[in-house]
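Once you scroll down, you'll see the structures, which are given as structure tokens.
First chain A sits with chain B, and in the next complex the same chain sits with chain C.
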Partner chain A sequence: MSRLTVPKTYKLFIGGAFPRSESGRTYEVTSASGGFLANAAKASRKDARDAVVAARGAVAGWAGATAYNRGQVLYRIAELLEGRRAQFVAEIEEAEGVSRAAAGAQVDEAIDRWVWYAGWADKFAQVAGNANPVAGPYFNLSVPEPTGVVAIVAPQDSALLGLVSAVAPALVAGNAVVVVASERFPLSAISLAEVLATSDVPKGVVNVLTGSPAEIAPWLASHADVNALDLVGAGALDWIDLEIAAADTLKRVHRPEQGADAAAPSLERIVGFTETKTVWHTKSLR
Partner chain B sequence: MSFLEYAPAPESRAILSLRDRYGLFIDGEFVDGRGTPFQTISPANEERIAEIASANAEDVADAVAAARRAYERVWSKMSGRDRGKYLFRIARLVQERARELAVAESLDNGKPIKESRDVDVPLVAAWFFYYAGWADKLDHAGLGADPRALGVAGQVIPWNFPLLMLAWKIAPALAAGNTVVLKPAETTPLTALLFAEILQQAELPAGVVNIVTGAGETGAALVAADVDKVAFTGSTGVGRAIAKQVAGTQKKVTLELGGKAANIVFDDAPIDQAIEGIVNGIFFNQGHVCCAGSRLLVQESIHDEVVDRLKQRLSTLRLGDPLDKNTDIGAINSAAQLARIRELSDVGVAEGAERWSAPCELPAEGFWFAPTIFTGVETSHRIAREEVFGPVLSVLSFRTPQEAIAKANNTPYGLSAGIWSDKGSRILAVADQLRAGVIWANTFNRFDPASPFGGYKESGYGREGGRHGLGAYLAPAASRSARAARAVEASAAPAAKTRPAAKADAEAKPAPAKRSRRTSKSAEKGAAK
Partner chain C sequence: MTGTTLVTARERALAVLGGDPDDATLRRYLHGIPGVDAVGLEQRAAALGTRSVKTSSKAWALDRIISLIDLTTLEGADTPGKVRSLVAKAQNPDPADPATPRVAAVCVYGDMVPYAVEALGAAHGDPDDGGISVAAVATAFPSGRSSLDIKLADTAEAVAAGADEIDMVIDRGAFLAGRYGLVFDQIAAVKDACRRPDGTSASLKVILETGELVTYDNVRRASWLSILAGGDFIKTSTGKVQPAATLPVTLLMLEVVRDWHRLTGHKVGVKPAGGIRTSKDAIKYLVTVAETVGEEWLVPHLFRFGASSLLNDVLLQRQKLASGHYSGADYVTID
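Moving on, here comes the complex of A and B:
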């Protein structure tokens, strides 16, 4: 005898809460075979701006946490994702229409990338920074610091792995993130938000918007309180216009990538969302 | 007779053997420009120094083509060791001709000879010496084994440190294996052209460095040309325009833009050093410094004492002939800059700040502005927000470290900051909180080729100096961005609306297309409302 299932309402993830879009809009998400999966929230300009406010509020605490602590929090995400592995495999299988094995491989790789990036949190500064032997009696040190609020258009062709690959490196250094999920596969993004909400990630450090990247990205690209724009998943959008809009406040812009290599794990992706700060201090016996 | 009265001790101009006219330096030779030539003058007395050729877009294209040829045929094939040897040669030649370069710099720019002689030119030599050693050690630059050069770098530099900014740009570019087209500032082309002669003496292969003089249009043409890297130092406004211009291309960009640095003085600061540091911070090079400490944040309890002592100190600064070895404050670089400084100073008064200028006599000819302090400045005043780029200091006060940090960060800029305190733990904690790329603790305006320099936020991106500055001219062997660019190109080819990774020759034509797309989009927005 079959049991009647209890479907989930998928909402946005802003400031640690799960609100519906303030616009009241949703859009239908279907499976690969065209069946109804859910009505996902269709985020508006106001939602995007709320997400930026939440992210800005979270930067100081997250960037100010010790690197050891950030590493443990990111590792904790991997732990919780592992525990909900079956849920994600089923979601991806349905949404992307891939085999169980392929969906499983995607989830496994996503988990392993969290682990990989978690390990970088208290190391990347040692690789990306250095002492500088200046010609004078000065202690001089260069260290990477988080850029601040990073807006991301997640890779559009995967439900989970692309999103994780884009979000995790930005978090390592202490940035707060507003990410626009894959338009076609938004449900795993919100399920991931549930993992984030319960894995010691402070409120506002990650904010997830679902809906139309073409509609939301311009508001993020032109938002004066966004410091960096990762267009990794924006290859199909008018991304040159986004880059031009971002130039108004000289945001750091990362251009689109596509294919299997998109947002591949790299130290470059961590350092790409940092600013090098160089501190000079006088030395004296007096 | 006060100690301020002194016998003039001008550095001799006889060391210079300037030509009456200078051409563009393209492919190892001086050639005529196709634009209208202009005169470069001494800002100290408005006297003509020489006629300078102006490069139009075709000249720029010629220079870029020469650089491309030199890159493909010579420079990219040369061993790092030999590239380094050329840079060492250049460093030595700069040292040999140091005095001549210093005199030329002070003449053309207006800065005091003691600064060009003791700061600018020695740093130029140091910059080439430092990066020379990197040329055969690129595997250790932090980008993995066998990093590759980017190709041709287009570089546009400002007038405040003409030769030093040239060195900041050219030395790392060549060490990393790139070739260069550089555009000096319109008002200060002279030392770049003397530098071209040094390159001839060094027998640097033709086309590896090309120098195109001209005004803003020449720079814009260079940014738009077939270059792989754009490096710019100058105003945030122009930096923004460049960022828009290169959007959608694969050009790598470094921007060193404006600043409005806070110089924070705590009540336990070593006050004598702090006074000297504040003066150096804002009056060095007439305040024509992007990282100048133009916002003084003084702890309230010592505010009056600091302001009094600053006024005393400024009253002893000697303003006058840049070539005089006694001169502390030289000439403002141009009439346009002087007008800007005057305008913002008038605004300061109009907005309610109190103005005090050092009681010094200004020469009748040339462009001059007395060292000036504004007290009672509020964070909303334009002189607390906008870059004056002149010898004008805005003084604000604070009570707690938290307030100092909040005020210091209350700016769209983020280039530099200063902290003065005898308490090391507080210095480090404050330094952690300041959103600026360079922080000087108990010192200010220090520069070194080993030390990365560059801004946060709207002060630009990328670093110059040190290992980080080298990375700005390199890409990893199997570049992620190159791979991804290919992927984007391949997949976007059928989609007409996305302009893929433009290879240079496509650069000129997409502009109208871009505009029409934007128009249609704003029309949509209008309709949606």
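Moving on, here comes the complex of A and C:
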């Protein structure tokens, strides 16, 4: 007996919920061979605005959590990803048209990066911070603090690994993220959002938009409530204009990266979206 | 602002009621009013909330919303300094844009009135003439649970200190117990206490606290009762009880105001307060007012928003319209 398939509706991920685009728009996502895969939501500027509001609301809680706790939460994402490995492998295989082995390798690499970045959560401050020598009986401590809301244009030529490589480091320091997923491969991004929604990541800490980066990125770049802009996947856009728009509100900006090494794991990606706070404290209270 | 005098209000009430405003007469009158179609009311309010507002209209609406706001601080932790910063914000809501209109009034507790009056200085005046009024909550706000003498003293003190508007709460317990005559007499007495020695009178806003009245029928009856007793404004809520202002409740009160105007030719104001935090919500209220009683009600002496956080959201929307990109909370003051 044949049965009707039950295809999944891919929606956005904003503030811990999965809304459709406010605009009601969707676009067709096709496989590497051109076959129909699914309809993905096509986010509008108002969805981006809502995502920034959600992210802003989440910053205080996420940045205020202890570094140790953030590390545990990030590690838990890797655990859950491991459990849904088969789903991600199948999705990537279909979307990117790569072999099962290559898709499997991408998922493994993505999981390993979550683990690698999770480990940094309670360690990067020791490396990026410092006890500065000063000419007086004072402790002078520099510590990295999260920048706030980070808008990310995810790498466009990878379904999962690029997204993870851009999102994970921003989360480590305690930033909240609004990420525009790959336009061609948005489905894994929403599946990853399902993982995030069922893990311990507080709502609003990660917000995933699918659709056209060319349409959404300018609104995020000029948004006064966004503190930093990661253009790693914006190489095909007018990213200089985005950088200029971001300069109006003094955002930190990461420039586009190309090729297989794009967003390679590095401490620099964590520290890039932090601000250094320096405090003085007397050495003795005698 | 000069309210109608008690004499004419009482005469008007007597004429409408056809007898003395005692419990029995009021009960006969208020319970003779047709019941509210709750489903229809909520549907109508929801429909009014879906109007598409174009950019040019939105710019007008945002400015109008600001000029209708009673900028409010009603906290136990209010200090003279907080009232002064509230007044500064009322006079100059967006320091980056001097074209931003002023709000209609600042709303504070009675003991904070002198600080508000002092801080306003020359800007103190009738919002219809470009000034900013001082509104004071009185009569044992927010519960209203005290003796009439205390309520009257509370009111008289605020008026003597320079309040232009008094926001009183009705005795919800008495209303729910059916003692309409008592509620009527208390409103009338507070109205009397709003008079100044020179014969003018502070405007009286009557807070129904719709969240405690439970049913739409009660809201309609309380609205009629407050208007009959001489209220210049009927106000939804104190902001201390949930639910506070909702669109259906405000629509219902506007309908009473419309019916009263048709009956007597006398215009009464409406003030939704509490829970209106976004420009989007506030615009829905403007649409509802314009569609129910008409655009001539969108003036400070006939419609107000009781709000504190609404102003910041309106300013953010104004900045968005002016600059073309989204603004953020870092670009408005912290309240």
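Note that in this section the second predicted complex is superposed on the first by the 277 of 286 C-alpha atoms of A that agree within 3 Å, B and C clash if a C-alpha of one lies under 4 Å from a C-alpha of the other, contacts with A are read in each partner's own complex, and residues count from 1 in each chain.
Rule of thumb we're sticking to: a residue touches a chain if its C-beta (ideal position, glycine included) is under 8 Å from a C-beta of that chain, and two chains touch if they have at least 3 such contacts.
Everything numeric here is computed off the predicted structure, so don't read it as measured data.
In the overlay built on the shared chain, the residue A:G259 is in contact with chain B alone; chain C does not reach it. In the superposed model, A:S33 makes contact with neither chain B nor chain C.
Shared-chain residue A:S2: touches no atom of chain B or chain C.
When the two complexes are overlaid, the chain among chain B and chain C that reaches more residues of chain A is B. In the superposition on chain A, A:N140 makes contact with chain B only, not with chain C. The contact sets of chain A with chain B and with chain C never meet. Note for the complex: chain B touches chain A at residues 126, 142, 236, 239-240, 243-244, 247-248, 255, 257, 412, 414, 424, 427-428, 431, 435-443, 446, 448, 450-454, 456-458, 460-461, 463, 466-468, 476, 480-481, 483-485, 487-488, 491-492, 495, 497-499, 501, 514, 517-518, 521.
Remark: chain A residues 127-128, 130, 132-136, 138, 140, 142, 147-148, 218, 227, 235-241, 243-244, 246-250, 252-253, 255-259, 261-262, 264, 266, 268, 275-282 touch chain B in the complex.
Across the complex, chain C meets chain A through its residues 319, 324-331. For chain A in complex with chain C, the touching residues are 49, 52, 56, 219, 222-226, 245.
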